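The letters A, B and C name the chains in turn, as written, and every chain counts its residues from 1.
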Amino acid sequence: MVSTVNFERHSPDVYGAAHPKALLKAIHEDGAFLKPLENQHVVSIDQFSSEMLLQLFRLAAKYESNPERFSAALQGKVLISAFYEPSTRTRLSFESAWHRLGGDIMSITDRSSTGIAKGESLEDVAEMFNNYGDCVVLRDSQAESVHRMMNTLRIPIINAGNGIDEHPTQAMADLYTIFKWRPELIERDLPAEKRIHIGIIGVPGKMRTVRSLLKIIAHFPDMLSEVSIIHDKREQALFAEGQRESLEAAGLKITTYTDLPAVLPALDVVYINAIAWMGDDYETFGNRFKLSKASPLKAGAIVLHPLARGEELSTNLDATPHNWYFSQARGAVFVRKALLTYMVQRGERVMDVI
Amino acid sequence: MVSTVNFERHSPDVYGAAHPKALLKAIHEDGAFLKPLENQHVVSIDQFSSEMLLQLFRLAAKYESNPERFSAALQGKVLISAFYEPSTRTRLSFESAWHRLGGDIMSITDRSSTGIAKGESLEDVAEMFNNYGDCVVLRDSQAESVHRMMNTLRIPIINAGNGIDEHPTQAMADLYTIFKWRPELIERDLPAEKRIHIGIIGVPGKMRTVRSLLKIIAHFPDMLSEVSIIHDKREQALFAEGQRESLEAAGLKITTYTDLPAVLPALDVVYINAIAWMGDDYETFGNRFKLSKASPLKAGAIVLHPLARGEELSTNLDATPHNWYFSQARGAVFVRKALLTYMVQRGERVMDVI
Amino acid sequence: MVSTVNFERHSPDVYGAAHPKALLKAIHEDGAFLKPLENQHVVSIDQFSSEMLLQLFRLAAKYESNPERFSAALQGKVLISAFYEPSTRTRLSFESAWHRLGGDIMSITDRSSTGIAKGESLEDVAEMFNNYGDCVVLRDSQAESVHRMMNTLRIPIINAGNGIDEHPTQAMADLYTIFKWRPELIERDLPAEKRIHIGIIGVPGKMRTVRSLLKIIAHFPDMLSEVSIIHDKREQALFAEGQRESLEAAGLKITTYTDLPAVLPALDVVYINAIAWMGDDYETFGNRFKLSKASPLKAGAIVLHPLARGEELSTNLDATPHNWYFSQARGAVFVRKALLTYMVQRGERVMDVI
C-alpha cells in the first residue's frame, strides 16, 4: 500500500449537524416536568408526556449547543452498560453520553460469558447490579428481560432495545431531529398548512424502532397531517393487535401504501429501516424499497434512518440536504445525556431554572 | 407486550443491607496493621492476621457507612482487571470498588483473544502489565497462574479466584457479613453462650470459597462453638491433605454431617454453595441439599451464599430475615475497596488515624 | 497448592527501564514541530519529519521522567479504542497512555459482535465514531481499513497496525529506545566511529513492524553505519517493490545475511521478531533464528523485540544488559502519550515552550 497521507487534511462539512439553538429557544425551560424521571426506570414511550419530552429535547439541545459544558454532571456515578444483545453503535452512543458527563462505566458486551448464560436468573443479576452501579442500560433480545430485572432493581434501568418491543431513546432521537429541523412543529393547534406528512417504510407490528416512533409522534398529533406506512404487499400483519386503533385514538391519521414512488413526492419526512427483530434473529423487511438521490423526494424533505443501514439507503444521499440521518445519530447522544442526567438525579447540576 | 410501566415506582425494602455502623464502632481504628499491605500481592488468606482483617473490616464498614465519601482516593491509579476465567459478577464487584474510589480501569474479559491463548507466557504478560497499570486483579482457572505472574510483577496483584485454590476476598466478604450481623463476635475470649455454630454445605478440599472461608474463620476461633461440614454421603475426599489438621490446630472444632435437617436447627450461620471448580470445569456438589423457607432454620439464623445461586437456595428465602447473602454481595464491594486502597498505597487518604 | 506468600516482597530490579533524562536534555524543546499533528490522522511513518520525531521523543522522555505529571492533560476527552484485530498488548498500551493523561475510553475488543461483522461499511462506522469520541485508535487486519475510515472521520485516527502495511507507533517506540540508549545518535553528521550497525531479523516486505522501523530509521541515516537484514535462505521476496530502493535513496546502507552467527558479533542493535501478518492470518518467519545468552552478542549490544515473543528470544536474556526490549515496551506508552496529546490538541497543557 502506497501511503499518501500527510498532515494537511481539509475539514469536511458536517452534514446534518444542524444547529439546535432554534429548538432551544422555542422551548421554555421548566425542569419540573423532568422531576418524575428521578430514580425511575425508562422502558416505554408510554411513560412520557408531551411536556416531559419537550423538556428532555430542550436539555438535549442545550447539551448539543455547548457539548463541552456540564462535563462533570455525572461525576462519581457508575453506569452498568449491559448489552446482552451486542450492539456496538447503541452501546457506544450511551457510553459516550455518560462519559461526556463525567461518569464511569462498566461494560458487558456479550451474553455468552455471563452468569445468565450459565443459568443465573435476571432477577439475581439485577440484585447484583444494585450493589455495583447507579444506573443500568440494558439491551436484550427478549422483550421481558427488562421487566424481570425491574422486579429487583433499586437503581434505575433504561431500555436500550428489548426484542420486538420498544427502543424508546431511539424514538426520542428521531423526534428530536424532526423538531431541530422545524422547531415550529412543537406548537399546539398548528395550522393545517404547516403540518407535515411522515412516511414510515417498515412494519409497525414487528419493528421496535417503528413501534416506538409511532408512539412518540402520537404525543404530538397537531404536527401531523398524515402518517403513511409503506410496506411490502406480501406483508400480512402490518400492525400488532390494537396498535393502529390506539394510535388513531391519539389523533393520528394513518394511511398505508405498498407503492413507494406513488407517495414519496408527498412526504416531508421519510423514515426508513429495513431490519427487524424476529424472535431470535434479525429479518430484513421491505428490501425492495430503496432510497437514493434518484428517488422522487420532495424538495426540503428529510430522510431519517436509525442505522446501521443496508442497501435500502444509498450513500449517494449522504451529501444531500435530505440527509438528516447523520444528525439523528448525533442527536441521540444528547437525548441520552438529558435522560440519564435526570434518571440519576443530577438535573439540578444542569438546569438554570428548577 | 403491553407496557404498564409508569413513573410511580415504590422503593422496595433493601433486604440485608444491614447498617455497618455497629461494627465500625466496635473496632478501634489503627492503620498501622494495614501498612504491610502496601504494594504487596494478595493471594491467600494465609497472609493475613486477625488484627489486619479487623482493620480491613473497619475500613470497609467506614466505606459502607458513607459510600459517597473518599470518591477520589484512587484518582490517577489504573487497574488491570484480568478475568481470563470469565466472571461478570466478581469482575464488576472489583471494578465497582475501584471506580467508586475514582480510579480508571482496563478490562480483559476473555482469555480467547489474548496473547496467552497464542502461547505468550504469563511471566511476559505480567511484565507488560508493569508498564500499563498500578494494580492487577486476576481470575484464572489455573491455581498456579497468579504465582507465575508474581515472578515478574512489580505492581501488586490480587487473587480473585485461582482454580481450586483460593478466593481470599470472597472469604473476607463472608466474615465481614458475619461481623456486621454480630459485632460482638470480634471479641477475644467470648463466653461459650455467645459463640456461634457455623454450618458449611460443601467440600472443603475442592471448593475454593469454602477453603478460604475456613482459613479466615480459623483466625477467630473464639467466636465459634463448632464448625459443621455438611456433605454428600458419597463424597470420599472431604478435606485436602493436612487441611482438617491445620484448621483444628488453629482452634476450630470441626464436625461433619450428611444429614442437613438433623443439624440445621442448631446452626447460627449456614453457608451454602453448590458450585466447585474441578480441574478444567465446574462441578455441582451436594445438589440434594436445598435451603428454602420450609427448611428448619433456627430463629435468627443467617444464610450466606457466595452467589450466583442454583436450585440449592430458594428465592423464597430472599424476603426473610435469614437472607444475609444479599448483604454479603453488597459488602464484598466495600471489603475490596479497603484492600485495594492499601495495596496501591493510598491508605493515608482514607484513614483518620495513621 | 501450599501457599507460601507473605507480605515481605523484595523489590526486583527494573531491567531496562533506563532513565530517559539524558535524552530529554539532548533535545531542545520546540513545540512548533508538533503543531502539524493537531487534529490529524496518523497512519504512516511517511508523514513524519526527523524534527517532528525528535520533539515527540522529547515529550515522551518528559512524560517518562515524571510519569505522575500531566495526569489531567486529556481530561474530558474520549478515546474509541477499536481493536477489530484483537491485541491485548497494544490495546492496553494505548489505553494506559490515554488513562495516564486523564481521558476516558470506550473499547471494542472484538470484530465479531460489531456492525462490521453484519455488513456495515467502515465509512458508516467512522461517521458514527465522529459523534462518540475525540480520537480513534484502530487495529485491523486489512491494510485499507484505516484509509476507508479516514474518508468520513472528522476526529483524528491513529493506525495501531493495519495488516501487512504499517505500525507507526511501534516504530516510534523502537527508535525512542535506541535514542534513550545512546542520545548522541540524534546528532547530524555523526562521526563514523560513533555510528551503529543495526541488524534486523525479519522480512521487510511482509512484516509491518519491520517496514515501519526501516522507514523511521531512514529519517536518521547519519546514526547508521549499516543496516543488515537477516533472513531465511528460502525467503524469495525479501523486500516489497521499490522498498529497498527507497530506503537506500534516503541514505541507508543495506546488507542482507542468511547466517546470523556470522553477523551477530558486529551488531550494536539486534531487532528480532518472528511473527508476521500474512493476508488473513499470522505466519512465523525465521524460526531457525534464535537469540539467547549463548549467542555471540557484542558487548554493549542491545536487543529489541516488539513482543509478544516466541521461542526466538530466550528468557535467559531478560536479566542481562542486552535486554532493552522491556524498556522498549515501557517506552511505547510514553511515545503514545506524546502523540495522542498533540492529536487531540492538548499540547499546550504539557509544553513549557510553545
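Note that contacts are C-beta pairs under 8 Å (C-beta built on N, C-alpha and C of every residue); 3 or more make two chains touch, one makes a residue touch a chain.
On a predicted model such as this, the values are computed, not experimentally measured, just so you know.
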(message) Give me the superposition rotation angle from subunit B to subunit C, based on Cα atoms, as a multiple of 5 degrees.
(response) 120
(request) Call it same or different for subunit A and subunit B: same when shared residue numbers make up over half of all numbers used at their interface. (result) different
(request) Using mean C-alpha positions as chain centres, tell me how far subunit A is from subunit B in Å, no decimals. (result) 41
(message) Please output the residue numbers of subunit A that touch at least 2 other chains, ranges allowed.
(response) 107, 109-110
(message) For the complex, give me every residue of subunit C touching subunit B.
(response) 1, 3, 5-7, 9, 11-12, 14, 68, 71, 86-89, 92-93, 95-96, 99-100, 102, 105, 107, 109-110, 307-310, 315, 326, 329-330, 332-333
(request) Within their complex, state which residues of subunit A touch subunit B. (result) 36-37, 39-41, 43-44, 46-47, 76, 78, 80, 104, 106-110, 113-115, 118-121, 123-124, 127-133, 143-144, 147, 150, 152, 154, 165-166
